């Protein structure tokens, strides 16, 4: 409900034998679907030849029996789910990107955002490169290709590329013979791998992707680590580990990741319970019941209940059928979109003082509507608690956080926001206690405190590559 | 997850002015989608002319901008969501059924199952009637049509039909000038109506459909009552009320209805909390945590926790993207469908004695897989609790309960079922306490205790009208 | 190009063994596609159980691998291609109609139009019948069903129905055990059957459907004849033959049928050659070249050339890719639809006096545009010749001829029409010579001379069943 | 019917004002659809920003109201229809190719085949280039991009590229401000332009594309010429004209082009009539009737008739509904694909000695089936005449002629082929008289005589870029 979007999930598999890997990736992507709902794709490598299918849409829309069956059996495959700007004809931006170069074909799937993407692309263009997409992933593919010309192997080329690209990247690269997983030295985005009973290995943005396909979790890939899966076994290269401070995105724990995932050893569910407990301590409320906004506010609501002793209740129901094809009510309609997506359980809130826990407030509009639903259902008081600090700064590492002008917390005090939403009180998670969620301060909190782990990109707007397409002067 | 299916939801709207009612019905059907996911339809009446669009699929699949726009504005509309047997080419069975007869056109939407459908149909056929569908709804349309020939109005025809048809029926009938809502004298299935700010009236299977479109709940339609909405206002006819014992389906509360709905004055959420509490009393367990199988087991799990004092936890996550287009793993695949739909939160269950609450056990297969998931995630003990009694008898009133041969409870003791599923113990809600859920014993519990409120149909198999289509002898 | 539409084609097959008949019908319907492009369907009978798939669209759109594969193997099948009014949601009107009645299931496919349909339907409604469609075919199904109740067999019921229904009907009826082909006593529409090497029999509106599937043409079904295909072999019943004057539609030869078809012993191609020859005699022109409007004007153009000695040329090319999905130019566009569909071969017409042969003029608009195309391409003179007489009267037997107000020949002399189209002269086939096309005057020429073989229907508008759906007074 | 495929058609438009050009290109592509039926696309330039939509399928499949409406109004647009190898997931190979480079965005549409494509691509890859497609067009886009870095304008870059690329290319290139049309110095493929009443200019592979949109034909673009359309008017650059011998593909006249097109001043229809006349002289036959295989054999058949005095007849009818969605009969089926596509008109051929004219024989299979159809229909003798010489050599300039092993003429004498097809005689157009078709010998006849105007490519197989994608040794 929050209007925030992660920008991708990646998945890969290497198998000792040719098998129907596309199907396995399909299930892995279903588990990662929450990381990107606007496009997806699967590329399979069969005897060194890479075939792919990708398109705009959910996994269940892009892949049907026929499109899955058209992908060959193989011994490696890569998958991707993507969030992108809405509208437009953006099929070409779907991933994995599959390119041909000097040494054959290569598939690349990427989660993250480069902070020096614009400069790198400009430089490539000056050498005559042409780009088919407007995504960073094509830039990464170019950099690796250029390095491959002067390096003896694809893994050497990837390693050399890590010295060039900056920012957030969890990558799965598939060459004709190797599957390579890389996580950037800051470790902004998660990446882990597991093992299957038949000797296959799977790489996934989150551990829930491994569980879904019946793989045993082996371990997280470290910040800066490269892991190579091939017929020579599993090989780890750690030359780029510990070259930069660890900065895993704290918002992965608060919102993006699935609660059953474990990232860098910390359970996402547990981090959210802790967020709820901290909230109960730092922003207590006199109340009769604690309810969460489904789905991502439920864990923190439970934590709040546990720490405060106020009973936990089921106060809001989410309509599970609202999907991409849902037609939003027109402005003229008397119907309200939030009312169709969420409904209040009167029995739970009638006549009660309610603590309402959500994971974020972006513009405050949805929050205000939820407050109204609860008032209609008879809630006496509504104490809004947010299991994250206020958003104050843009993210350059793969999250689609609105521009500052749309972030309500940049312009209003909590009291003003509470009043606007019609809540009796509003409390945020204190930014200084964020580290407690994961028991460490080695995390990126830039969107909350403005402290960026890398140089801030000069040209950071989403459509940075589109902008210069207007006619160049003097031509 | 339970494999049980309600067989329909109905929705209707009457408006004093021509307006885009198809859109309103669309949102109403979204709220009722849980009552039927295999087909849906909307019929609109504009100046006495009825147009309809219906097809196999979810509301969001059958209706897009274009199909909604093709339906005219009107002053009445009827909608339907349907569950039907899988497979086959069953588009023709979608509702509302729209038929032409002597007095013009009529649309009928039906939730329920007639217990004398076969006899009525046979009789009609003997008089030369032809049937395009295999649903009871066409039989009802025929009966009303026949009565209409000898009665002065459509409402008189409907009333007369109520003396002929038997069993479960919550109907919305639309004639060129009137919208008529009827609930059978037993009141098996729910039906209620509400009012909109502009003077429109809406009828819905459940109150959640009214809330979704911003209508104010007025009241439940009584068992045996007919309510007529027309330019003459709202008129209630109660000649058939109290002619038969009230028998609302108790499983509506346990499983079918949405927890935010209120049926016959009783909150569904509250009934489920009570089921959990009764379970805690009658089948207690020594445990560290109580978890529910999402979505319908959560309320009872919370009730169990409240009554037992054992903490409530979030132990299972449901993948919200699995829909109709999901391709189930092939038998040969190592992937397990339950594993993709549900995943365990290790943090919650690791090393714990777990009470697991679900709303039903049909065949025991899914339950067994869930137990496995929790074991893998580290659960030490698993005490399976079911918020309903064991299914022992077929339902003839609109629920698709498996035949007795597939109902595990007909052949196994709870201990045997627990062993088969790998659970440490298994407890069911005692059938004799079902009435406590709604504070009254005026409910149908036939699937649990075999006491049927009507004569049992002689030919009750699902495909009863299909069966006789084999070549008649002697022709 | 003419704007005229035949309203259907029927196809049936009976096989001694269960086989994939849906595929065979699919190819048969492809050959009959010119008789109806707006909808189609196939019903298969497997051991007495009838399954069907039908929808709006061309054969190649409605049937794909998956929908064909869903139809079972069987020993009988019926197919239909349909022309219907444009727009609206008319899927329900697609055929074959499959109904359940007292004796099992029945499929009916119909080409033609009843002249007493309205009265029959009214009578059925008065007895309580309900109608799902607005097509005559459902009325026919009802009549047969009613008769079946009192007759010992389906063929007796069909025979009895022939005494009740009037007008044009070429029917294929499939009961659980028999495939029955019937042609009305006037023989308005064609119908024939053939035999396959494996002992199967096929019924088709035109002989081209038999040729397409490799069947050997056996013979035309006579006007008034019923032929029954079953495990008892092929049986013909001629009780209704010669009860009414033979009146095959002459426009089948002029326009509707495929030139490679042979109807009632007369080659369609030959009839068109003769039309061209008669035109050359009755409306000669001083010219350098004769060209036809493709496709249906080509044969008559060749005949004109042969009779007149003026060389035949290829002067117009038809774009073979324009289909149902073609988006017509908007009014504001500078593009002209005729220009995209047809183009002139300058080489052929430049500087020449051209005889242009088309099969009909309905409104004169298209003809005028074709004249313009030829002028642009350099034609010096254009002598328009029509291989049919002027349309002056509506058709009640299955052809969609515009109402008189739109028929240009009702309001303009040939000279005026020539002037309006920009042609140098205009000549029609003399109505009195129509019989020469087929060597007999036993044909229906009602649209040209107003002499109708049956009573003229009182309520003959296309949407006759829609009209009464407005609210009946007094209700 | 011949199994031969042209590999593309290009279309472009420049307008002085922003207007809905996508619609105009749509109609232009419909006229060029015969040049490529496997994919198509349109790119529009609006204020220097290029948007595109392209996909696999026919124009009428890829573009619907919605996809056309999503393309903006603009002042330039480029379109493409494509033939490609069947099967596979080749959406990425559709054109126009739209790329971003240093100077903005560029769209390229290409008809032809480079003879040095493999070498050029190899060289680019050695400099680090990555390729998303396997088509020559991307190589051309790269070459132009590289040149653009060192040249002051896009037209200078295109001119410089003409010194680098070799072989057949008719290109339309769209920069943010200019529309550029180029034809290779040999002039293998046609290209022409026309003017619209509103001052717009259109470029088209064939003149029929201009006629379709109501443009006045201005002239052919010369071999080696570049024409630039921009706000500075129309500018022609002829520096590359007359640098190489003119070698227009003679098979454009015989088969590929539409008969209403005029290429390099010669009517295609007239060239085919001449082919028929030459055939009548060089391979006469004693016969009663001359018929052509529709559509492309009809013109030559008419020429044969004119020269021989044997009457012209309509002996074969083509089913105009067989399209891409047609499901070919399975091997096991008794149905024959040719029989569904083509049918004989018995009336025309029965008891006759028939001259059958087709434009080519590739494998002889289809020809044999057609001969059978005519025999069944009663033809007494069949004299097969081919309006082209035998195919003996592969084409490297944009035609998909089978490899020599599949070309029947490489392995059989005409007598043997006639015998195999069941024909009474077989005659080909003499290769030495090909020039007479267009009144000049400045044409490429390489597929007939093996004389190639350029160096023969070393790696000329269709999937030359796919082949090297197998794992490189030593990695």
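Annotations
Going by the order they are written in, the chains are A, B, C and D; count residues from 1 in each one.
Everything below uses one rule, namely that a contact is a pair of C-beta atoms (placed from the backbone, for glycine too) under 8 Å apart; a residue touches a chain by one contact, two chains touch by 3 or more.
A quick map from chain label to UniProt name: A, B, C, D = Amidophosphoribosyltransferase.
What you are looking at is a predicted structure, and each value in this text was computed from that prediction instead of being measured.
Traced through touching neighbours, the fewest hops from chain B to chain D number 2. Should one ask which of B-C and C-D has more C-beta pairs in contact, the pair is C-D. Centroids of chain A and chain C (each the mean of its C-alpha atoms) stand 59 Å apart. Centroids built from CA atoms put chain D at 36 Å from chain C. One simple way to say how far apart two chains are is to compare their mean CA positions; for chain B and chain C this gives 47 Å. Among the residues of chain A, none is found touching two or more other chains. Arrangement of the chains shown, judged by which pairs touch: one closed cycle in which each chain has exactly two touching partners.
Those residues of chain B that touch chain A in the shared complex are 20, 23-24, 26-27, 30-31, 33-34, 37, 58-61, 63-65, 68, 196-198, 208, 211-214, 258-260, 262, 267, 269-270, 273, 295, 298-299, 302, 306, 311-314, 317, 319-323, 325-327, 329-330, 333-336, 339-340, 343-348.
Of all residues in chain A, only 47-53, 70, 89, 97-105, 125-132, 134, 138, 141-142, 145-146, 149, 153-154, 175-177, 465-466, 468-472, 475 touch chain D in the complex they form.
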